[in-house]
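For reference, the structures are reproduced in the following blocks.
Presented sequentially are two complexes of chain A, the first with chain B as partner and the second with chain C.
Presenting the complex of A and B:
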């Protein structure tokens, strides 16, 4: 195992160099990461600062991406919005993992009624479109702060991840080393922790990567339809604002959309690359 | 065999429906504040509406009575009353058709395009055509569909002026005649185009990979050895088998299809369920939000049953028995 791990980063870098798109995607993800960690360094203005008399200004030297209808700098909002998007997506993935990991592992490992109960429940939740469930939950719980949006998104989306974890656990459960460990009398907890989990970690990493892209899209959608927090700068908020000024100030809409698109695109490319590297088949 | 399969699918839908309705009920009780107040916020000001709702839904009774009244009312079509005093069901009913129209047409076109190009790309795997199509698909896959909608409005409605900017009125379709059909199409084409661009890449990727998988099968080698033309191999031998995973994919992504459809409806102000849901959510009109959610789940369950039946017909494993349930 150790040997494979040591070779892995070398293979990763060698393959990374081979594809131009993957290099671009990785580069873009790094840029977004840096922007979201240090927005205060890169943003030219305070994202919520309004410049009187400079409303709906087209892109220019002092406002590279223009300004919105109350005179806020679009570029600064995009940079701070990267932080909002990234941290909300990361938080939601963590919440999702906390819920899905134990449930998926238990259902897959023990099978029988635990599994049946879980499958019926997950199937029922999967019947409701995620975005509809999000709209209902955000409305009902008046989720406005970042923390509550994170919680709601994680709580709504976990069945997808749990189903994958369950499927992978089912696969590993039949492997010889698990059967051997069982016959040696190791406890179920020990087997799950030391034998099952390490063997299903790569699909979990890949799915979580793809989920980051989904959560960025979901957060943008929620803000875009007007259910987001109006005080937090985000890409979705810009699109919500820009929608009313398509004819007079299209730059409010165009630039944040390009950022969402490139980020989602890069994460998907990177996820594809990761799953190729880990030589997985994800269903 | 087929009848038994369909019957089992029908029976499986019942627990799903019960779990979902219970979930909606549970959500209402988990929401901050008293569920009675949450729901009755809708009837602020109107004492009569309030009394009608309390009588029908038993909000003065214990929770288990409320639960069964809730189920009874939901399944008999009583979905409560909106903020404006209109029964929710009469708000929902006319919009179902608009949602279904947009969705069915866009899904049909997407599947058609994906089948054509996916089979081609898979068959010519590694070629320039395949690489271009795959890249375009990945790009289309990553564009947020609502943003694509906004850009569409910007280019075709604002700059070129080909399509109307405003909302489509519900009454328009009642005028019968050629002019009204043209008018209808003017409003239908923009959201339709965006949905097709958003959905096709997803099916394309799936079809391409399943075609590639099938091309390695023995019966394809056999067909090639017999000297069958490319056209026959793709569209007769390969596609027939590639359609089975595609049907499954449509079935499992119904939630995504409905969700995407709803958001695009909002962008183009198409008078469907999505527009109703979002405007109700913004107005905190809980009865309407709950009603639309329930109707969505009902539509999804019905669609997934239809897809299961189609699947049973096209899959010989089920048609001739021996399949797992």
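Presenting the complex of A and C:
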């Protein structure tokens, strides 16, 4: 009784304390979030400012992570790159949710031909290889490559999420409380919104979190092969400019590499933690 | 054929006439889950629909609010509620009746409440949906009032608790509150106490009786428990394999059963004041409804069966005890 009244956030914090790795992952995500929201506070220099005569400088007091081959500060680029990665990932997840939520809910709730129509459409979308479409899109729209990446990732990856939402909806649809809601004369739309959606929100949150990690990697991949917008600092762009100097100036690639790795790792750990906690909340 | 019990009267809240429901299975098989069933419920009366698993009693309950699974179809008959046939009503018209005039109490309160919604809000949903124009405070007052009536202590505080914070018995009280909040004319209680332990069962049944006096609703009580039926009902209909085999006043059915199946059921009730070594059992298994027995569906299990039972289906006629019975060889 006491336990229940303490509220979900209290349980969350108590369980968080039990695992050091989860504390680290959560902390790291918070750091990246703060950096991406306020890069102008934390970045020591303008990320695109070049310092003449200070190319490929190793880490030092004035350039903590060194400089790249045109003399740009690596740390400032990483901090502004966090914003690029985070906003691209968030944008893609939002687009994915906008498409997948109604399709998954309607297909799962109504079944029959609605289900067939939406799911066969989803199967057709799944045939498109994400990375190839990404390359095509950013090549065609180089100047708006971030928007292209967001749109393509959202438009191509929604079927996975939609299929999960459909499956969960199918499960909840057969629950007694949905039948009870029908027996009280509620409309289908109301039942979907108030009785089905709240009961499937946990897997949606967890999958969206994991997808964000994927989208950060995709963005880095596109920038790494040199198809990102060259005027916007990103972690992938650093890898791209640094790959020619792996032997002479490894700091250009190592530090953004560490950031990508830790961020993707932290998001996955955090996603696992979330799914455990949300499962706990329901039972 | 004497149909005095089946005759429609003006005080009837519900008349089910010659209703047949079939399930169409994937392989093309047809299950006659409910076959030519008729009964009626008067205002404030409780009718018990008693039968074993698969006898069609729950299908019948679902059919009244037209919430049958997609594979089930009403093939013939009518369901007259307040003078109007529900069979021909469309989904939109049915929604105005469900929850407002006919409510359902489900079997398992641990799954019939949404775990993500506070119980007060969950009870309030039905008024918000069916009786528009109440202010938030009015609705909350109504909900707290009904929570008190179904015996939830400290209702003001419990209003904002989630279902998992209640015991099973308390949850069933909340389910009852949900069904009653709109003051419906008819309650369909589908095995309302089967998921509860015996002492809680008695409390819930007592509560339902008391609420029925206060709210004056009619009740269709679906149960497999003869004890529950004898406790709660005014009239009882015994179903076997989709058909009503005996139908009459509770007292007649329990004291002078005339159908061999009813007789078997009453004999199978363990009695505390008699020393019995072995309970009476009805031999055989429930009828396979994809391929029901010819004639009387009970004949393969019946001690009294003769040739005619295999050939013809017995009509529901008045027996000597006063109930209606579908049998060629009623017990006297």
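Quick note on the criterion: the second predicted complex is superposed on the first by the 261 of 283 C-alpha atoms of A that agree within 3 Å, B and C clash if a C-alpha of one lies under 4 Å from a C-alpha of the other, contacts with A are read in each partner's own complex, and residues count from 1 in each chain.
Keep in mind that, in the parts below, contacts are C-beta pairs under 8 Å (C-beta built on N, C-alpha and C of every residue); 3 or more make two chains touch, one makes a residue touch a chain.
Only a predicted model underlies this, so the values are computations on that prediction, with no experimental measurement involved.
Chain B and chain C, once both complexes are superposed via chain A, fit side by side. By the touch criterion defined above, A:71 lies against neither chain B nor chain C after alignment on the C-alpha atoms of chain A. In the superposition on chain A, A:175 contacts chain C only, with no contact to chain B. In the superposed model, A:59 lies in contact with neither chain B nor chain C.
In the superposition on chain A, A:194 makes contact with chain C only, while chain B stays out of contact range.
Put simply, more of the residues of chain A are touched by B, taking chain B and chain C as the two choices.
When the two complexes are overlaid on their common chain A, residue A:183 makes contact with chain C while staying clear of chain B. Legend: residue contacts after superposition of the two complexes on their common chain; A:167 is shown touching neither chain B nor chain C. Of all C-alpha pairs linking chain B and chain C after the chain A fit, the shortest spans 13 Å.
If you check the complex, the residues on chain A that touch chain B are 21, 120-121, 123-133, 135-142, 213, 217, 220-221, 224-227, 239, 242-243, 246-247, 250, 253-254, 257, 260-261, 264-265, 268-269.
Here chain B touches chain A in the complex through residues 15-16, 19-20, 23-24, 27-28, 31-32, 38, 135, 138-139, 141-144, 146-147, 150-151, 153-154, 158, 254-256, 258-260, 262-263, 266-267, 277-278, 281-282, 284, 286, 289-290, 292-293, 296-297, 300-301, 304, going by the rule given at the top. Per the touch definition, chain A reaches chain C in the complex via residues 1, 4, 111-112, 175-177, 179-187, 190, 194-195, 198-199, 282-283. Taken in their complex, chain C has these residues touching chain A: 65, 67, 70, 94-100, 103-104, 106-108, 111-117, 125-126, 129-130, 164-165, 175, 178.
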